[in-house]
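Chains here go by letter, A, B, C, D, E and F, matching the order in which they are written, and residues are numbered from 1 within each.
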Amino acid sequence: MKVVTYGELMLRLAPKGYLRFLQQPEFEATFGGGEANVAVSLANFGAQAAYVTKLPKNDIADAALRELKGLGVDVDGVARGGERMGIYFVEKGASMRPGKVVYDRAHSAIAEATAADFDWERILDGADWFHFTGITPALNKDVQPDILLGALECARRRGVKVSCDLNFRKKLWDSATAGKVMAKLMPYVDVLIANEEDAYDVFGIKAAGSDVNAGKLDGKGYEDVARQLSQKFGIKTVAITLRESISANDNNWGAMLYEDGKAYFSKRYAVRIVDRVGGGDSFGAGLIYATLSGMDAQSKLEFAVAASALKHTVEGDYNRVTLDEVKALTKGNASGRVQR
Amino acid sequence: MKVVTYGELMLRLAPKGYLRFLQQPEFEATFGGGEANVAVSLANFGAQAAYVTKLPKNDIADAALRELKGLGVDVDGVARGGERMGIYFVEKGASMRPGKVVYDRAHSAIAEATAADFDWERILDGADWFHFTGITPALNKDVQPDILLGALECARRRGVKVSCDLNFRKKLWDSATAGKVMAKLMPYVDVLIANEEDAYDVFGIKAAGSDVNAGKLDGKGYEDVARQLSQKFGIKTVAITLRESISANDNNWGAMLYEDGKAYFSKRYAVRIVDRVGGGDSFGAGLIYATLSGMDAQSKLEFAVAASALKHTVEGDYNRVTLDEVKALTKGNASGRVQR
Amino acid sequence: MKVVTYGELMLRLAPKGYLRFLQQPEFEATFGGGEANVAVSLANFGAQAAYVTKLPKNDIADAALRELKGLGVDVDGVARGGERMGIYFVEKGASMRPGKVVYDRAHSAIAEATAADFDWERILDGADWFHFTGITPALNKDVQPDILLGALECARRRGVKVSCDLNFRKKLWDSATAGKVMAKLMPYVDVLIANEEDAYDVFGIKAAGSDVNAGKLDGKGYEDVARQLSQKFGIKTVAITLRESISANDNNWGAMLYEDGKAYFSKRYAVRIVDRVGGGDSFGAGLIYATLSGMDAQSKLEFAVAASALKHTVEGDYNRVTLDEVKALTKGNASGRVQR
Amino acid sequence: MKVVTYGELMLRLAPKGYLRFLQQPEFEATFGGGEANVAVSLANFGAQAAYVTKLPKNDIADAALRELKGLGVDVDGVARGGERMGIYFVEKGASMRPGKVVYDRAHSAIAEATAADFDWERILDGADWFHFTGITPALNKDVQPDILLGALECARRRGVKVSCDLNFRKKLWDSATAGKVMAKLMPYVDVLIANEEDAYDVFGIKAAGSDVNAGKLDGKGYEDVARQLSQKFGIKTVAITLRESISANDNNWGAMLYEDGKAYFSKRYAVRIVDRVGGGDSFGAGLIYATLSGMDAQSKLEFAVAASALKHTVEGDYNRVTLDEVKALTKGNASGRVQR
Amino acid sequence: MKVVTYGELMLRLAPKGYLRFLQQPEFEATFGGGEANVAVSLANFGAQAAYVTKLPKNDIADAALRELKGLGVDVDGVARGGERMGIYFVEKGASMRPGKVVYDRAHSAIAEATAADFDWERILDGADWFHFTGITPALNKDVQPDILLGALECARRRGVKVSCDLNFRKKLWDSATAGKVMAKLMPYVDVLIANEEDAYDVFGIKAAGSDVNAGKLDGKGYEDVARQLSQKFGIKTVAITLRESISANDNNWGAMLYEDGKAYFSKRYAVRIVDRVGGGDSFGAGLIYATLSGMDAQSKLEFAVAASALKHTVEGDYNRVTLDEVKALTKGNASGRVQR
Amino acid sequence: MKVVTYGELMLRLAPKGYLRFLQQPEFEATFGGGEANVAVSLANFGAQAAYVTKLPKNDIADAALRELKGLGVDVDGVARGGERMGIYFVEKGASMRPGKVVYDRAHSAIAEATAADFDWERILDGADWFHFTGITPALNKDVQPDILLGALECARRRGVKVSCDLNFRKKLWDSATAGKVMAKLMPYVDVLIANEEDAYDVFGIKAAGSDVNAGKLDGKGYEDVARQLSQKFGIKTVAITLRESISANDNNWGAMLYEDGKAYFSKRYAVRIVDRVGGGDSFGAGLIYATLSGMDAQSKLEFAVAASALKHTVEGDYNRVTLDEVKALTKGNASGRVQR
């Protein structure tokens, strides 16, 4: 089971606890990025995970790769060069105060990469799965869509399954551009992942009966959204995560899966949040792992939701949980009792 | 819009997280005090805020002023001299364990200040508003009431509006003394602010139908309290914050405003607390800002409540939130969703 | 009022906050162990508490004793020698992710102690009460049961009351062995303490109508359990703590007491957890203190439950709360309002 | 005494103590930059200091300005806009391991600023002195030299004295370009400051008899360098700092001043380094302050060297020392005895 | 061997590492004070040490006593009451930047204590030695000298030996007052301890040939000082510590002892300083311990100097070294090689 | 260039800075052990490094492996199982206070490993070099010597070069046993490494003219030692590191190499110590790397000494320096100047 993911890896700078930016003169300094997050989750589950990006030649990027290697991710396909590594500053939300992200990712090595940086034939050699997200084309809408098309065509030639997480970022591009670009990539996608807002932001497909800001989501409406996405682009499997945000501390978390014309709904978890960044990525990773493991539709949905519910209890972008921990949760024990 | 506040600034020493005093040999060291907190909030909203106190000439007090200046507060009116700066130690409460404050503020420079330290004519020159609290006269009941009367008479002469937060502190004085002293100051007050206990503690006016320790507050009863305060002292506007304390972590937070004989009730927020110290001060600042901005009664109440609800999510005495953040919350989005 | 407790003291290594093991290269380093926890609680309440264990002669063990002495515990009876001090690594749970304990306590000084290390006649001289738990015999099932029998017989001779907390640890021994060993010790026990799982794990006595992993406990069922324990071993007083684990963050906490054939049920607290390790120990200490203070059955149950509810809000194994704080809570104020 | 400085302000990210980059997942996060450092020093000495730069509109840049304001620097002339704030990562050297700087400053707001961002007539209104360094033109050699020429011509028109610190940075440009650009700016300079390497790196003027890497500097040779600089560009005052680097921990620190054709040499300090970044800037600030205070040549040199020797004992870019502390050192007490 | 010491215990607040006051918003929070420091040293060496002071009834003072008890100091004689606990802020010096102390100790419980607080007959019961310093009378020159006279007369009656450390603090009183007060206490003193400046500051006796600020001390001159002190007050033993302050990081440390008309000089240690506060106190403790152990003059001087040299390597006021560590150093191994 | 090392990996727990054990309740938690340290150094230089040990199956050991993988070390040959992972507590020395190590390594997985845990044929497949130290047989003198003999015979069969660092640990075994055991392993060794004390401690061969505790080492004496070692055991290359310990902060560091009957002496570095643990290991790694790179005798000695001098400036056991950094130092620049 070998999965390749491709996207941007950023230095993540965060104040401690619930402090606001620079309320104290220090940052927790870790790394993350949607596709790297997926790779780490997969490696934690025991899959062979390879991560592809471009990073500058400096000590900060070296540290990023050191951590990925330690977590078991193959980074041999990472191109080195370019001016800088993307950075994002993140402040944890609390109660009714929303979390805040300040991006400093312009001109990153990956945003200025070219097709010549990635030899997809070599990278996808032996791979079973290729994963990308809507963030990557947004980094450089002139170049990245073509790099991705190169990867996707190579994947198709080699019979590599493809998943895409729509992951709309309004600070990176607008809906019109996103819709146009993503539509070109959709035909290559086997499994499409979205959150409760992406389908509308990217393709204008709205879920009836839901109000995201009020934390009220209606499953039926999302079933329609998934069906439309599936039909419009001919995608076999569409999964939508459903986050009801009660506050920055408390969310209800679940998902629906639409596959072969049928909708499945997961158990819904009441989550007390430690760190919600990377929640969607951990869902994607769970879904890929479960699919490659041959689980049935309901089981793979439950596995992906349990994995990503657990992510919300882990600091940092990466989902530092084991296969056993996810399985234990899917078996129904969510009481959080100490094991000793 | 220029507001002057006057009171004590203290060094605040707090254990990290939920640790009890000196469970680890370190303190978070910040600064705060009711009236300084109000000044900082106002500066954050973009108002011109000046803060007046007396501080000793030493490096600790210098640091306190450095922070205020950085936050945009004018400290030109601060007198320097005296023996020491007040200190308070604060331990965060958790669940059914209440927060704990140990005061070490006796003999502070401001407690031993004299009328000669403050030239109110110069200080209030150009000011639109003057704010003080019931803590200041409690610091030195022989001298401070007279200093305050000097300020209040000067304010009246100059047409400067006056607000007062009753802020009863039972560790500083008793109800009988407080009642007598505060009654002398009330005739100068345009806007009176109190919490759910102050009116009773200072003036013996009790809200029927409420039980503070049980976290049950009855709005109607507080409307009566406000009316009595208004009528007794001829105060046009009386605002009362209403905290339902479910536990040290969870409070319901709202307020009522009594103005021109009419009562208004705010939206009530369920607050997961990061730091509740300064909650009342941030309400006062919100009310002053909203009033000077010309909002109507309901709007200014909602602004003040939203501002102070947000304060509960911010570490330290100061309410480090922006005007935009308060406005966004008053528009109804309390879901705490990350913006990116 | 002098109480002697006997058991293992461990170095406790824990990541900061909700971090997983070694997500950052540091550990909070404190000390704890069931019986030491009981001794600290008692000393905090003002009782004379003596703690007995065996520790190696090294700087780490010295630090452990330094802290106990500082907390007012008499450690004159601690034997020194042996190879090592037990260590346990503990990771805080969050939401549906359970807390995790990794034991590194094999070959500790106490696990390899012999009867010659403890002169019970001298240790129990002047004592009113002796407390042990089911952890100690599990440390070395060949030697510790005999050491304990020595202590228990000495206690009986001297008219010292005896309490035992069943405290089953499945990582230390299995139910069959535990049942056999503990049955031999029960005849000496005046007060037996157990949690909602212990009676089943050790003696196979199950509470009808409850599902521990689902966080649903039925009081009636536990009354039966207590009665059976009382009758089977002729124990006058049996107390069972009842933890409903909603998540790793939120538990409902209460207890029942069976005494002289009658069952008492405590108030139930909704607890937001800071650190739940040592929760049961703080209940035991509360019960011992209340009993020696001559409280009636319901009062001592309420005292023990309030003391242990507060423990859940304190970091570390030790229950750093005062007698006044426990009493204030038993009087009904659980609102967590700041006192100032 | 009003001094204006102009240049780049960066977020400075540094590991704690002597750790290498990301050996622990956190950074000390402060701010600094040559010209801001000069402004802070001057404000600490009691001078009126104004700092001009361009910063993006985000929370990180807001924090930077908050700190400068707190330190008493006037930041009203700071332009807001652009994509990002420059960042530099710095690792402290130890013994024979050199300190290390990783720049991430490309595409910063100031590097992409235009002449329209700065209204020099307004900025220099009332100023006595203007200070810049060789770092600024290196940030954007197409635009910054012209912006600087605009400032310099304005300064000349208004009779504002000008100082320049050569500050060659080989990671930003090469010697040939630097020499060409700086030669165009020199005719406006009244006081030129350089370190022991700059004159050679920028203008190819080498000090005979010295070996920088061996930590051996010959004063006579630098007198020649200063004379050549003075004569070549018609600069009245040339100051050269002389750092003998014994190791990353121990440096000898002194300077020479060449004024009106005469050379002065300072006392030489053996410095145990806490943080050497900003050492040269604190020298420049000391020289400007001393000159505006009307000290004679030897005195102003000694003041500047004492101020900058002290900087080496202060963490961060900014020289957090007072006028009194510098004066005490110039009077000869370098014994570091505690005052109590 | 039982020693009683009497004086003020303060909360000590210090920035981390070499940071200046409040450069980061936190303080290391420990405790210390000359006479408590002596008691802790003695307890570490295995002596019975009792410490007497007055402290307010609050959580901060409780923590101070907790630490002393943990370190083995008997605090049963500590009076409780009064308004506050003294505080001192201390900033570590570095290189030529001197350490800095800001006192906030006015109005402390001990400064406002009365004779009634201390029952010397009970306190000195069974004691072999009583130790005080010149700081205590300086705290309240109206009351403390009398309290001390009470203690000293009681000591004389009981045959308890008395040592005094002159410990002049110019921030607490002036030389004239100090001289007058201390002269009254000297007749009771058996062992007088002073540093290289005290004899001059208190009694105007200057050591010829030395220049303290230049870090040059002449042993011969101090022999004269000791002789004069001995003769003037009839004191058998006078010890003077000799600190040559090369910088805030590097000191040479030694001492001389004058006993029965003969002078002894110790080995001189080149000390790289970790924390020099409490250096003199650890010397005093070493001298008391060595004297009570019956060492000869040269040996007790060497023991005291080795103990206090080691103190300079320990963070905080207290000298956390063992008897074995001091003895190993007196045997000549100062190479600092790791033992493993 | 593939090197295999074999030995124990421990969790390393150290107080921050110069604090003594548990002066604050936390530990820096990293990993290290002589042979792992060598592997990490080699991987940093770009060599293929494989590390072999046995570790229990738990989260702590997982973290240790994660870090090694991140640093590029192949850990595929690590056996999993056993009871526990060795731990060592280390306290940094300062000035004349020596560093202190408390071992808690008894009963570790590797100490209780058996020959069956390691398949040397597979492990050494493709290897050029095998490295072990005298610590490993000391862990279990009944079993480890035989495991090592198995490895050494396999190495001989395969033509793999062998290096051994004598690394005597008096806390693990005595000289007599060490001498006997190591003598059996010496015949397989191609390169023998020792420090200034090992040859005497293990084989009783003393260097004339040196006094280790006084920090005085005589090169000539060590040449004799090396010659005797070489002749006695027929070892071609013997290297001895020469540490002159002036204090715990300052050491002189150099080495001598005896090869083919000729002695070479390195440059000597004056080292200001950050962390000296692992200094000898980094020398060994440097020597192995330089030898495999084909350097001549003097060059490889200088490389190894420069690499290990740099180690003293790096926190933790591992030598986090690059090949470029070592080469730059060997070229003579030890001035520690910042590069920017």
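Criterion: contacts are C-beta pairs under 8 Å (C-beta built on N, C-alpha and C of every residue); 3 or more make two chains touch, one makes a residue touch a chain.
Nothing here was measured: the structure is a model prediction, and the numbers come from that model.
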Steps in the shortest chain-to-chain touch route ending at chain F and beginning at chain D: 1
Half is the threshold here, strictly exceeded: which of B-F, A-D or E-F has more than half of its contact pairs identical to D-F by residue number? E-F
With centres defined as the mean C-alpha position, give me the chain B-chain D separation in Å. 43
Distance in whole angstrom between the CA centres of chain C and chain D is 62
Which positions in chain A are in touch with at least two other chains? 17, 20, 25-26, 66, 100
Once you've mapped the touching chain pairs, tell me: line, ring, star, complete or other? complete
For chain F, which residues are in contact with chain D within the complex? 17, 269-274, 309-310, 312-316, 320-321, 325, 329, 332-340
Contact residues on chain E for chain C in the complex? 66-72
Flag every residue of chain A that touches chain B in the complex, lowest number first. 17-20, 23, 93-101, 103, 169-171, 212-215, 245-250, 276-277
Considering the complex alone, what residue numbers of chain B touch chain E? 13, 20-22, 25-30, 58-60, 63, 66, 83-85, 87, 89, 91, 100, 102, 104, 106-107
What residues of chain A sit close enough to touch chain E in their complex? 24-26
